[in-house]
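Before anything else, here's the structure in question.
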Amino acid sequence: MKKVEFRDIIGKQSTLAILVFLVLLLSVTTPSFRTVGNMVNILKQVSIIGIISCGMTLVVISGCLDLSVGSVFSLLNVIIISLQQRSNMLAITVALIVAVLIGLFNGVIITAFDMNSIIVTLGSLSLIGGLALLYTNGAIIHGVSDTWFSVIGKDRVLGIPIHVLVFLFVAIIYQILLTGTSLGKKIRYVGVNPEAAGIAGIRTGKIRTLTFIISSLSVAVAAIIYSSRMVTGSPVTGVGYEFSAITALVVGGISLRGGSGSISGAIIGVLILAVIVNALTLYNVPFALQNIVKGFLIIIALIADIRARREIEF
Amino acid sequence: MSDTYLLEVKKLTKTFPGTVALDEIDFCLKKGEVHAIVGENGAGKSTLMKILSGAYIRDTGTILFDGEPVDINSVEVARNIGVSMIYQEIEDVPTVTVAENIFLGRLPRSKIPGFLNFKELFDATKKILHEYSVDINPQSKISTLTTGERQFIEIIRAVVVKNAKIVIMDEPTSSLTKSEVEKLFSIVGELRKKGISVIYISHRLDEVMGIADRVSVFRDGKNRGTLEKHELDPDKVVSLMIGHVLKRVEKKTSERNKVVFEVKKLSVRNRVVDFSMKVYEGEILGIAGLMGSGKDELVESIFGLWPAQYKETYFFGEKIFIKSPVDALRYGIVYLPEERKSKALFLEMSVNDNVVPQWLFYVKKSLFPKRRSEVDITEYYVKRLSIKTPSVFTKVADLSGGNQQKTILSRLMAVKPKMLVLNDPTRGVDVGSKEEIYSVISALSDEGIPLLILSSEIPEICKLANRVIVLSKGRICAEFVDNDVTTENVIRAAMGI
Amino acid sequence: MSSERVRYFIIEHRMLFIVIAVGVVLSLVSRHFLSVENIVSILTNMSVEGSMVIGMALVVFLGEIDLSVGSVMALATTLSVLFQNYGVVIGVFAGLLGGLIAGLVNGVLITKLKLPSIAVTLGTMILINGVVFALTGEHTIAGSNNSFLLISQTRIFNIPLPIIFFVVLVAVFEVIVQKSLFGRNVFAVGGNATASRLFGIKVERVRISCFALSGFLCGVAGVLLAGKINTASGNLGGSGTLILVITAVLLGGISLRGGEGSIIRAIEGILLLVILNNGMVLMRISSFVQDVIRGGILILVLAIEAVNERRKKYL
């Protein structure tokens, strides 16, 4: 029994330790790592996946998985860019509304029929991905630059890029939500034991649906940032994002079974991944191998997680 | 006389933390006899059977098989000796055929390597089924059979495949129809003819009297007496089961004038038939039901956890609709499920986290609950219920069963409920915690809060309740009030005497 | 044939009747549908995707799932393309071996480390996809040995080789599943692993074998695909393939809980999906709409199965 508690405390610390170790190691061995430009590069990638991962964290803690986030990202990206030509506000509003609808769709179907969220969101992945492709007919579309919209993606406040601030803001809000509000607590109860949660009077279906909506909204925020920065929309931008997010969560020590995890864990996972990817790029390791690394990381993290969990059950 | 006994148990003791399950118990079984064991819950019947079948290991004592001492320390050893236990939870493969289940792991091979001889399989199965006069198609899938039929298959499998010499049946008739019970008896008769001994555990004295050659009565971990068939007298059996009269707890007889909760004509498919009940203010109503009585489905359907075909619910006279525990909680009706590990506890979370959920969401209702107030509530109940835990932040999985149960009870009490429904509240709870829970129950009752307690432990129900409804096969078969609430009365009613 | 048996047959193979119905409709809608070349195209596609379906069905009978099927197929295709310089046989062998090894890795991770199959195969799906990207250097690579295309082009009695091979494959596996000791063990383990273990069935061995077979069959699919297009890229075997395979199994009325089913029913499922695909192409429905429809069908079929499960529970 002691082992479990130990690991629980160590758990979060160990992932942070890994991150610190990696950063130090690379700073010492690789001069190009230490440059400001490189740091900015890392941050650029981190904020988008980071925001998506924060949303995914809530879904995972409640005991489900949302594999549709990549497709949703693509769809929202093209919707935003296409509408941006008419009005920036319209683009943002519509994106948010569509995100809520998608989250609602996912959540209601999964909870009303008590279905496996992995396979259902796999279906949504295909469905929504197809919608994105249909929307632009497979083409890449361009938006209007030099409007206030680009500010979000490109500008800085006090030297810090706005998108990083948004990411931090989202992370803090979600962490407060998770630990300080009753919604956050309910999410955790649902993840630990959905049946007991139901008997204790928690509306499991409603809570899970809410997490799916929050996840989609997070994707919307990420899509807004991305669209603002790139000013282009492609119906396949988000391909693979769902797996990156899951990898980040798993690496960050969040159990895919649900019931445990924190936003800080997700952030650390995202950072570790970003640092590793960055290092591989600096060493000219082909992009292809990066997926291999990601796959390995998932499996290793899974093994570590299951081992720790089993001690609780037996 | 030893050499005529197939199995002898001498001075066997088995203890668990907090309880003595078997207390230097003696038991003997003849070859080819049907030996029934009766006794209350906790008397030690299941524990002894688990030891004989290798699931538990005895602490001290001897077991002799055919005169030779044996050390049954594993399921394999028990099986090699020839002991086979038929559990209530049947371990069969529902998706494949009867024949494949009977010959699980021993399917007849054909001449082509790796392939099976299906003709031989089905013929052999048909032959065996015919021997026992069981009219089931060997090619049917198990999932299409009734519970009773599945039990027959299980018994046949035990005898055929495992070469059982002793077959132990634990409450075999609880889910059977009347005709299936008769069929079961004829199968047992077949076993007896073949020289196979049967240990038959049951609460139903009428059945026991019909089939047993000898009956042993267990109480508090000891064998209180073995009666021959011609000696069987219900009164004698019941008196052996109860022993001396239980300490009469001074229960206040409740006035019974204000109806707090009422359910009418509740029907649950295949489990509960036309059930109606009133719960009065200030009373403790007990529902006594043995396995298979439908009590779990009954209470779960009241709470919307199990679909009911028909249900009318009234609270303080007004018609209400409970579609889920959320609705019930809003009215102030709380539920303690019988399987706390899977249905009530959040094992990986702390004691504090396990006490506060209902209170947080139904009483405090704030968007940003403060940690301090949560801890205050938990500490209050830890003290009040004497929950033994190093701190309120200890993982609840580390607590003993009794303390876990008290944690859940705290959760229920924290919302200041208007009615409590407790399902088997002292299951898996040590004696000390049991008493503490009993005193909490009477304290709540003193405040006028009605409690509905369901249990299969009859002495406990009789100790606590001032009114008892006896449930059998989904129907009310008896009701006892005030001074008529005695273990004897209830046991008789439950056993069908 | 008694009316009872006829009724049983119709219910068991209801997909087949739906396939026929859809086929009739499509032949009316488009005159190309019943043309020889179209049917050949349908059946050849079937041989690729169907092989994966056989493997997935095996794993599902066990009560597990294999999310890596698409990636493993892509791996096999890539290996075949890369190794065909040494000869067609070597190319085929490389693809099959790659699939088998991938399957074994899945099986070992799941059984020895007692990890849930859904999580492990999620990991291997990503990993193997990465391997494919690495091997193809992020481009689409083409095979240099044109003889490799003979795999799809050879005809026996004017029927393309892959189709014959596939039919044989289906027959062989259906027999194994229904009549062999291994097959019945798979159902036993899927229906109740605890009981099976109690009665001496080597559960771990059965599990590893099923995942290995699934990997091998994905290898077969990959080799057949290479035999048709003789190119490979990291974009092969994506989520679209996975959805197709899972939907096929579900359409075949096979429960994800395991313990029951038949290969033929799963094949009926994939046949329906392939015909629908073909129909959509013939009707010039864009591939994007096809994605939408495919996703929608999966969700719909899942919902139906979920409702069925719930009804059974409260019986």
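Letters A, B and C name the chains as they come in the text, with residue numbers starting at 1 for each one.
Just so it is clear, contacts are C-beta pairs under 8 Å (C-beta built on N, C-alpha and C of every residue); 3 or more make two chains touch, one makes a residue touch a chain.
Here the structure is a predicted model, which is why all the values come from computation and not from measurement.
Colleague: Which chains does chain A share as contact partners with chain B?
Modeller: Touching chain A as well as chain B, we find C.
Colleague: Greatest Cα-centroid separation from chain A: which chain?
Modeller: B
Colleague: Which pair wins on C-beta contacts, B-C or A-C?
Modeller: By the number of C-beta pairs in contact, the winner is A-C.
Colleague: For chain A versus chain B, what separation do you get between their C-alpha means, in angstrom?
Modeller: Distance between chain centres: 47 Å.
Colleague: Could you give the separation in Å between the centres of chain B and chain C, each centre being the mean of its C-alpha atoms?
Modeller: 45
Colleague: Measure off the straight-line distance from the CA centroid of chain A to the CA centroid of chain C, and report it in whole Å.
Modeller: Those two chain centres are 31 Å apart.
Colleague: Can you tell me which residues of chain C touch two or more of the remaining chains?
Modeller: There are none in chain C.
Colleague: Note which residues of chain C are touching chain B in the complex, please.
Modeller: The touching residues are 179-182, 184, 187-188, 190-192, 194-196, 198-201, 258-260, 314-315.
Colleague: Okay, in this complex, where on chain B does chain C touch?
Modeller: It is residues 91-96, 100, 104-107, 109, 114-116, 118, 141, 161, 269-270, 306-307 of chain B that touch chain C.
Colleague: Inside the complex, what are the residues of chain A that reach chain C?
Modeller: Interface residues on chain A, with respect to chain C: 109, 113-116, 118-120, 122-131, 133-134, 137-138, 243, 246-247, 256, 286-296, 298-299, 302-303, 306, 310.
Colleague: Taking the touch rule as given, give the residues of chain B at its contact with chain A in the complex, in rising order.
Modeller: 303, 305, 324-326, 328-329, 335, 337, 342-349, 353, 357-358, 360-362, 365-369, 395, 397-398, 411
Colleague: Which residues of chain A touch chain B in the complex?
Modeller: Going by the criterion above, the answer is residues 1, 4-5, 180-182, 185-186, 188-189, 192-193, 195-203, 259-260, 312.
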